[in-house]
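Common to both upcoming complexes is chain A, partnered first by chain B, then by chain C.
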Partner chain A sequence: MLINSVVLFLRDALPLLLFISILSAIIYLRTNSLGWLVKATFFGVLGTVVLSAFIDRVSEGFDGFGFELLTATIHIMAYLSVLLFLRFNSIVLATVAVSLLLSVHGTNLYIYSSGFWSSASVNVNNALLIGSILGFGISFSLALLLYYGLSASMMERWSKLPMVVLALTAARQITEAVYFLIQADWLPTGQPLWNTSAWLSDSSEFGHLINALIGYEASPSAVQVGLHLLALVIPLFMIMKLNQQPTVTEVTP
Partner chain B sequence: MRRWWLGGLIFVPAMSWGDREEFHIEIRNHLFYPAEIQVPSNTKIKLRITNLDETPEEFDSFDLNREKVIFPKRTATIFIGPLPPGEYTFFGEYNPNSATGKVIVKGNSNAN
Partner chain C sequence: MRSIRRNLVSVIIATMTLVSFYAALQGYRSSMKQANQLFDAELQTYAASLQMAANQQGVLPMPDNTTVAFQVFKDNALVFRSNNAPDQQITAFNQGFSDKNFARSRWRTFTQFHQPLGIWVVVAQRWDKRFELAEGITLASVYPTVLSLPLMAILIWLIVSQGLHSLKSIAKQLQHKKADDLEPVTINRIPLELKHIIETTNALFHRLDEAFSREKRFASDAAHELKTPLSVLKINAYNLSKAQTSSEDIALFDDGVERMSHVIDQILSLYKTSPEQFDASLEPTDLYTLCQNSIAQLYPQIDAKDQHIELHGQSCIINAQPFSIATLLQNLVTNASKYTPSQGEIYLAVEQNDKTVVLTVEDSGPGIPEQQHQRVLERFYRVGGDRHNSGIQGCGLGLSIVNQIARLHHGTLALSHSKFNSGLKVTLTLPAGEAHHA
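Presenting the complex of A and B:
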């Protein structure tokens, strides 16, 4: 149970916190403000409460695939928000992206936590609590490391590195959406192009980290690889195209 | 023209759902019934899981690359396959020690 709850937090809190840390590093060095993050957290928590209240009914929609289709839509919207953020440099779009992802990951954490806690006996509740704290601690520490690493890189000659990492994380949103669309049979499954499970398993700690950052899959299908590459090439092309120092405009959402 | 295209997007997957062979599993007292199901090889099948408990459960399988929350008193659907013959384990994420099962894929290994 301890390991399960650690993995649970790594699976949902880690991608969200890494995404936030990348955007924070980019925006903070330009505006000296993290006020947008407070707004994004507010709207994200609000979204979590609303989604959590209706998710069981939503999940039965579309022949039992309501949850997959809603989650895929939110990930696609987050990806589009990042593309528009890269294009227009508006903090509002960063706020929208984080709010959307916080809503979906927050709802997942709520479902998992309520499922674990309601199923668990009194004896294992302590293990769950410790596991949750450990999982959150690991995720938060890694996000903090990434934040300071990217912040430092922006002051050196690697100033475009945070944008490239943001593009990698944005492409991950499409990988997530594709996963849910395949599960709902809206996209073809296909045979895996390769299988690197023996080298780096999806369920390993490092596998979770790489998945959270760039959407690593040990045995992806052609559809997954193709759409991931497409989703990665678009923001990278935009970064190359906008090869001047952009200025972020502070707009209240 | 645009409406037709959008309609196609919505209805093509819906039409394909109806073609799949269906299998049913129930969750009772944090256990899967039946705990083993046999499915044909190299065929995509539709697995419907009904959770009769008062708490949510997550159907999870590393072998099948599927994870899906099934809310209390609700039914969820998962598509699996096409798979080569073999045994593919699954478990309930919230009760991993008791809620376990496997999908046994039978048939020849040639693709359809």
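Presenting the complex of A and C:
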């Protein structure tokens, strides 16, 4: 049970926290404020509450694939928000992206956690609690270190690095969306192009980290690889094309 | 605004959390693996012990909280079992471990054939109970890691705060400094990392303090020096306006203008060679040639007094700013000529030692008493004060300028008695330079 809750956090909290840390590093250096994150957290928690309340109805929709399709849609919207953020440098778009992802990952955490906790004994609950602390601790520490690393890089000659990392995590949103669309049979499963499970398993801690950062899959299909590369090239091209220090405009959502 | 303490504490806590939690996770996995091996060994022991019950038959009641079940087969017939085991065969007769489902649970089974007795023993243990037991034992080793984290965070916060205490102390001192407070910053037991910062800051304060004091002194001295020729000029101008002019008045007027012009020239020289204005780009310069040029330039003045001047030595290269050194020489030779009576002697020598070049200027003038050798290097100081008994015009800046230029060239200036019966000897020692190769 301990491992289950650790994996739950590595799968849902880690990608979200890494995404937040990348955006925070970019925005904080320009605005010296993390007020946008408070707003994003508020809207994200609100989204989690609403989504969790209607999860049964959502799941029943679209022949039982309602939640998968909603999750895929939210990931695509988050990706588009990042693209628009890169283009227009508006904090509102960063707030929207984080709120959307917090809603979907928060709902996942809520569903699985409540499922585990409600059906467990005291001993198992202890294991879940410790596992949650370990999972959250590892995820939060990685996000914090990434935040400080990127903040430092922005002040040095690697100033474009956070943008590139943001492009990588943005592409990951499309990989996630593709994964859920395949589950909902909206996209073909296809044969895996390769299998690197022996080198780096999806279920290992490092596998989760790489997945959270760049959407790593040990055995991806051609559709996944193709769409991931396309999703990566667009923001990278935008970063190269802009090639100027953008100015973030503070707009209250 | 970013805080060094907050950043340091956050990064250290994050790193320690990551490492300790990851280690705890790996420890948990490893412990669970070992616990499973232990439970497997326990199943094997249990199966082995059941050969003692080879002659038993029927159903053995087990305690409610038991996690194991067993079956004993003889001649392929179930002869003995625990009451929580089904009456059907749990698993095929293949020796070793396997996983099976029965009684609405997942079970770990171990099958063993006892050859001498001809019996098959199947023992099983519920996976969930076994996992729960193993996790319970393993968690006990993970608790301290998790529970010690807040304590560790507090300790890190305190240690980092203590480590940054010196920096905070300096920041506080600087923050509370008044605009006119140029006293050095002091802290107890200066850390190595802050040593250079404190030294540089204090050196800056010292220079600022010196510069402010110099400016204050300079303003008052300059005003005082300019006041005298101005008064003379005023009287003479008055006399001229009253048409009571004589050739003596015009000469005095001329002297007043000359003196004022000299004072202003010297003030300008002092300003140009001040450390704040000094251009530190030095170039290889021949001191001997500069001496020749200075003598040639001032020769009319020397000749007018029928003085005898000699220059000894040879070409000596120093790293210098030629304009400053020319000013220095002009002051030294002018002073020597000025204070040496008619038909007196002036002697210049340029010598190269191992790593230095020494210039000496000696005259047969009245000289300066030894106790005043240091004082004459001060600005506007003249031997005998304003009422200089030599009757020679001066403003007391000459040697001050010479000393300032010498210091800027990392040289030293020494005053002593000249080789003549009376007179002053000025010895300037400068670091030797390297000849410029084209």
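One rule holds in what follows: the second predicted complex is superposed on the first by the 253 of 253 C-alpha atoms of A that agree within 3 Å, B and C clash if a C-alpha of one lies under 4 Å from a C-alpha of the other, contacts with A are read in each partner's own complex, and residues count from 1 in each chain.
We adopt the following convention: a residue touches a chain if its C-beta (ideal position, glycine included) is under 8 Å from a C-beta of that chain, and two chains touch if they have at least 3 such contacts.
Nothing here was measured: the structure is a model prediction, and the numbers come from that model.
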Check chain A with both chain B and chain C modelled on it and let me know: fit or clash. fit
Which of chain B and chain C A:110 touches, first, second, both or neither: neither
Geometry of the superposed three-chain model: angle at chain A (Cα centres of chain B and chain C, steps of 10 degrees): 150
Determine, under the contact definition given at the top, whether A:137 touches first (chain B), second (chain C), both, or neither. second
With the two complexes superposed on chain A, say which partner A:60 touches: chain B (first), chain C (second), both, or neither. first
When the two structures are overlaid on chain A, which partner does A:42 contact: first (chain B), second (chain C), both, or neither? neither
How far apart, in whole Å, are the nearest Cα atoms of chain B and chain C in the superposition? 5
From the superposed pair, tell me which chain A residues show up as contacts to chain B and also as contacts to chain C. none
Under the touch definition given earlier, write down the residues of chain A that touch chain B in their complex. 4, 8, 55-56, 59-60, 63-65, 67-68, 111-112, 114-116, 118-120, 183-186, 189, 202-203, 219
Could you please specify the touching residues of chain A with respect to chain C in the complex? 1-3, 6, 32, 121, 123-124, 126-127, 130, 133-134, 137-138, 140-142, 144-145, 148, 205
Counting only contacts in the complex, chain B reaches chain A at residues 13-14, 16-17, 20, 30, 44, 48, 54-58, 62, 65-66, 68-69, 71-72, 74-79, 81-82, 93-96
Along chain C, where are the residues that touch chain A in the complex? 1, 7, 10-11, 13-15, 17-18, 21-22, 24-25, 28-29, 132, 135-136, 139, 142-143, 146, 149
